[in-house]
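Before anything else, here is the set of structures, which you'll find just below.
Same chain, two partners: subunit A is paired with subunit B first, then with subunit C.
Let's look at the complex of A and B:
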């Protein structure tokens, strides 16, 4: 079964072709030395990768840690190219009908405090992520619901036994948040210690963190990839305002920002710095959603939700918003370039994806009239971050106005916004997003399930859950594709329990002397920095 | 003893005043306070623009027109368009509505509440005055923008909350100035006379004391409108004020300044000029009012 999915995944290698700039880079001999300064546009909530979900933590903290396996940093656009980080040799293939994975652990690896790494550390880490105890936060526990047991036959072997074979396991394991912690630290200091302390086996050692200012790291001389890292150290500079981040790159106070800039910023940098700036672009494994709150009337009515999605001109939005915002690609529930993603013809069968927007809007008006809500008013909650939330939010307000819906946009800072979205549920429709790291479509699409911990539509849809259960266990590529289409149609079109607006598009202009870094379809991936060097 | 008929005297006075044509009065005012008149003209232009906005502009301030995004100023789009293709001239004109609504609402509520509290504090004196003034001290310890930010962070963004956020810091400012003037008025015999006649506290405060502190009150009021416009723009710029797609100058500046300052400077320049002009106008007008009403400055 895995073999078939493997073939499907292999096809994706051909199909993806995501990176615009990376492929053109010719082989160069890396130079050692130098400090990489980069800017980060978000705060660090805590250092604990297992509980955090933000790039604000990943960018400055990931270089201190290693993973069991990781996405190949030289080919990060490929969703199937993984390599061993703390394991030895190649990433193992499954045995026992795809239900058993045995990893050999590298010998001679030490934590930054000098403690030698063994399989017990990997097990303690994975237990914390997969089977967290009461009150222990684990943001990606759901990724591992296929895992039955984790055992360590000896000090350098770890075995994962799955309940059922799934192609989602290896990508989940390569998630960059799965920092490997020392068992000694977990036993001695408890499960919360890593929120405020750092001790990893990564390419850089923690030097200092000045909150609101910077995080500093220095080269780990005992790093397990010999000859790496190339850098002597790095400094992650906090810069919440985009203008500051741009100025930092323009003035060469920073060489790169790993999340991404809007098109206008790219154009300005290129215009002023010419070939001192290199631009890499990629589709982004982030989708911007609009989620109706089905606990509120009349959004419990599918006709009203259908009208909302029918009012959105996604193809037109893609054309123009891609010039001013970090969104571009029209898509469904799957990362657009994945082989399982809907083609344009398939998308056009869904409500709100027809290129004849006038016909869609006429249908929307009719549905609203049928539902008795021709003069619908919407309280629309949005996040106080320009890119892409406020830009797309303002566009949505205008889109819905065209079908007679009056929308009051309520923009809040991130904290209160999340409070509204997750706890208060005091909105009719809210901006929402699904940003994942490793492209793992079977896992990523759980976002659309009513039962998902990160779905805020407040609905139950047993039919959708049933389709997903089949998807999770389906090994035949053709049948899997059909099931994904059923899931997509049910979620986005028939029920409109969620609305996909546009998929994000990643634009990374950086100083041309930054070498080795290749853009990935996620701003979380390949941020360990051990492959980056400075051509100065 | 001759009985003076107050009503007939007032009527005669009004008759006399009417004999001076308005344009002559305006000319005299313009000669004496040319800068203040310039400020008044700016204020009147703003009021005119907000009232007649739908007539003055052919476009809708909130409708997107992506085909025309970031068009430089030309004959059709006098001030160019923003990133959503919206006409900036239209949004500036409609933005005056937002600025004036927030400015006048906050200034009126803040100044009147401050007037009543200030006069009452002076009139009652004693413990009431002591406690009230200490409360005012607490509020005045915070810089204006910080207090407004704290209030809007607590209440949430939106036009109504912005008005509340701006009003609260104005109250102690006005109350403090009014109280100092009212303290002197309290000692004038007519207040004692009013008490002796058995008038209630409310009547003495509102009918006999408050009108006599109108000079500092009006000066403060005009200054408050300018400050309120600036505060609203600041809060909107920080994303804590009026929300998109409502046209508001601070919001327009925020939307344009960061990303388009270099490639499409008109997006940020026009709202910046509008804010500066409006505040400048109200400040000039306020200074003129002060010069006119303050007897110490009148003779200069």
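Let's look at the complex of A and C:
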């Protein structure tokens, strides 16, 4: 028994140590060759990154494409570290008072069908995303509302002119869904061609896709980063059940799963495989929310909403839930590791973030009594997915019980759950979440605005909108930070139009022979695979 | 006989139409739709205009009766269109999975038949002996244990045992290769689900064989055969077993049809890209077109299987044929 515990501890330390010790990893010389088998827990709706939103598409299809700029795969945890992919040199800084970005495009890059890449291809791609024509789906059009014009002065230059300066533009550009397509393909085959066809400039060339089974890719010998990719190819195997993905890694049918496992799965793998498993962990750019429906009484009353958030013991929840679920970090409206995120002291000033939970609960009971709802009953809508929805939902029911709130939890499959959340609005409080790819704090925090397309609280708060409007245009870091605190206080504390429960926590146990891959704060990032090699 | 076959074929048509009408309207009773899930289901930004564009492109914003007319025309022309989730032709998507599901169903049926008929017969012949009790216990356990649980236990067992014995944990392959491409890979993957489902299947058939044979063994003609001095082997094989097979054939047929579309959980446990997995995914994705096509396929399989069972009845029991 002692031996097993020792082995578990050692393996965890070794694994985590490797993650933290980036220097050690850099010292290793990458080896070329081998096929990476990995498992993917979701499905591919289509190959068109511009219209899809799921990691089920990103993980198997992203390696076939390049972006204009990307998150640095050697430092993906840094929310401000971007590098050129199809552009040359460093990521440009803005000119003309922060409203103009000029990118020089790499020369000698070819699409997999042999067509040379020019700035016209980037423009055609960005036009499809930013200014899609009628009937052309673009899931990230809203990211680029600051963009005024896109022009190409020559074959290797592209210029983005913005309507106003914004820090949200560069992160939006690095979004991993912005696959660069060939203008020739778009002109010849139309805007839907990429749903079922692949032609990119990425590190791997498309071999085959058996729907529901796997996607295969083979090394692109003409890849623009010389010497890469290291792998000869990859096979992305669809495996919707977590137990299968876990067994696949244990039985070495797959080397890695890029989304993440709960803590128990990590422990089981480490226990059975010891140092053959490396564990990488990170805060995750996904936050689990509880949203009160302000169109239903008494949730239009701020005192009632304040009581709901005061009843939640976030610090205690973090300690216990992180042992069984993929949540951990206590945070506000912003990704916890970002420079603009609230510190613990700042968080503790918000309602529901005090470490003295008994004081918070007493205040919650008083507010409920003042509002005339001491015996409040809540119809709580939740999504029928275990991790982390049902786990956290059940915990919330218990948290609210401690302040005298009787909560009836309704768990529904994803389809009916979204119908309830978005259309029927037949809930008092609903689980909701905000899960983004590139950390783009200015864009990500729109989730808390009543006017946002993905906010389901059904409220109007002109004061919050006004603060956000200032945030969007503020260039000074200190003032920006102050404004973000105002926004956070208004949204989470004073009005409690939304409740942050806990931020997700990403755990990636993988076979130790997989090298070069560094965990990112999102399962959408750094999935081009050109930096991964196998130490077999 | 040909008149009998013709009548049975005619009966299939209203059954298929009824199933088509039912599945079309039931699917639309489920709240939410494929576009909602695709754009809102991942927690990313949602643009209502994009959801509306998606609905318009898929035609699910049209009046219900127009959609229904499209579905029925597609059904009668055997053109189910494209999957709303993947955009690929539905017949292509089903074709990809059909081969695997058919192979698992055949393998499981083979496992079930080679276990069920001998065991059921032994259990009936040796009624109330320890052998009978052992077979009955085996059969009851088979009915009680869900195949997916047995599947999970098989995978875990393989991982643990191989790690203990060889030091390297082994599990069956999780990607399918056709038997003519890589027979070893194919068998290594499919034998386990065939055993897991075949066991439950055999348990049902064993009990049915036993009870049917016990009933037949008490018939007058069996007593007559014995009185004529026929040896027991001929009495059992020629006179008793063949007549006891009628209900067993029914069970085998129905179970086979079930395996073609009903291995929803077992296929997920073994990561088999079969019809059952496609079924559950299309329901989860609100892919109306795919779900409707799959329901029609399963209904067709059941109808055809029942038709074949009826023909077997006629072969096994001449009285059915002559009537």
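In the analysis below, the second predicted complex is superposed on the first by the 510 of 536 C-alpha atoms of A that agree within 3 Å, B and C clash if a C-alpha of one lies under 4 Å from a C-alpha of the other, contacts with A are read in each partner's own complex, and residues count from 1 in each chain.
Just so it is clear, contacts are C-beta pairs under 8 Å (C-beta built on N, C-alpha and C of every residue); 3 or more make two chains touch, one makes a residue touch a chain.
Computed from a predicted model, the values in this text were never measured in an experiment.
In the superposition on chain A, contact is made by A:211 with subunit C only, not with subunit B.
When the shared chain is aligned, no partner comes close enough to touch A:153: not subunit B, not subunit C. Judged by the touch definition given at the top, the superposed model places A:286 against subunit C, while subunit B stays out of reach.
When the two complexes are overlaid on their common chain A, residue A:243 makes contact with subunit B and with subunit C alike. Residue contacts after overlaying the shared chain place A:89 against neither subunit B nor subunit C.
In the superposition on chain A, contact is made by A:413 with both subunit B and subunit C. The wider contact with subunit A, measured as residues touched, comes from C rather than the other of subunit B and subunit C. Residue contacts after overlaying the shared chain place A:268 against subunit B, while subunit C stays out of touching range. Judged by the touch definition given at the top, the superposed model places A:386 against subunit B, while subunit C stays out of reach. Shared contact residues on subunit A (touching subunit B in one structure, subunit C in the other): 241, 243, 272, 413, 416.
For subunit A in complex with subunit B, the touching residues are 241-243, 262, 264-265, 267-268, 271-272, 316, 319-320, 323-324, 384, 386, 390-391, 393-395, 397-398, 401, 409-413, 416. For subunit A in complex with subunit C, the touching residues are 39, 43-46, 51-55, 134-143, 195-196, 210-214, 235, 237-241, 243-244, 247-248, 250-254, 272-273, 286, 413-424, 433-437, 443, 446, 453-454. By the touch criterion stated above, subunit C contacts subunit A in their complex at residues 30-33, 36-48, 50, 53-54, 56-57, 85-88, 93, 96-97, 152, 155-156, 158-159, 163, 168-171, 173-176, 268-271, 273, 277-278, 281, 284-286. Put simply, subunit B touches subunit A in their complex at residues 62-64, 66, 69, 83-84, 153, 156-158, 239-240, 243-245, 255, 257-263.
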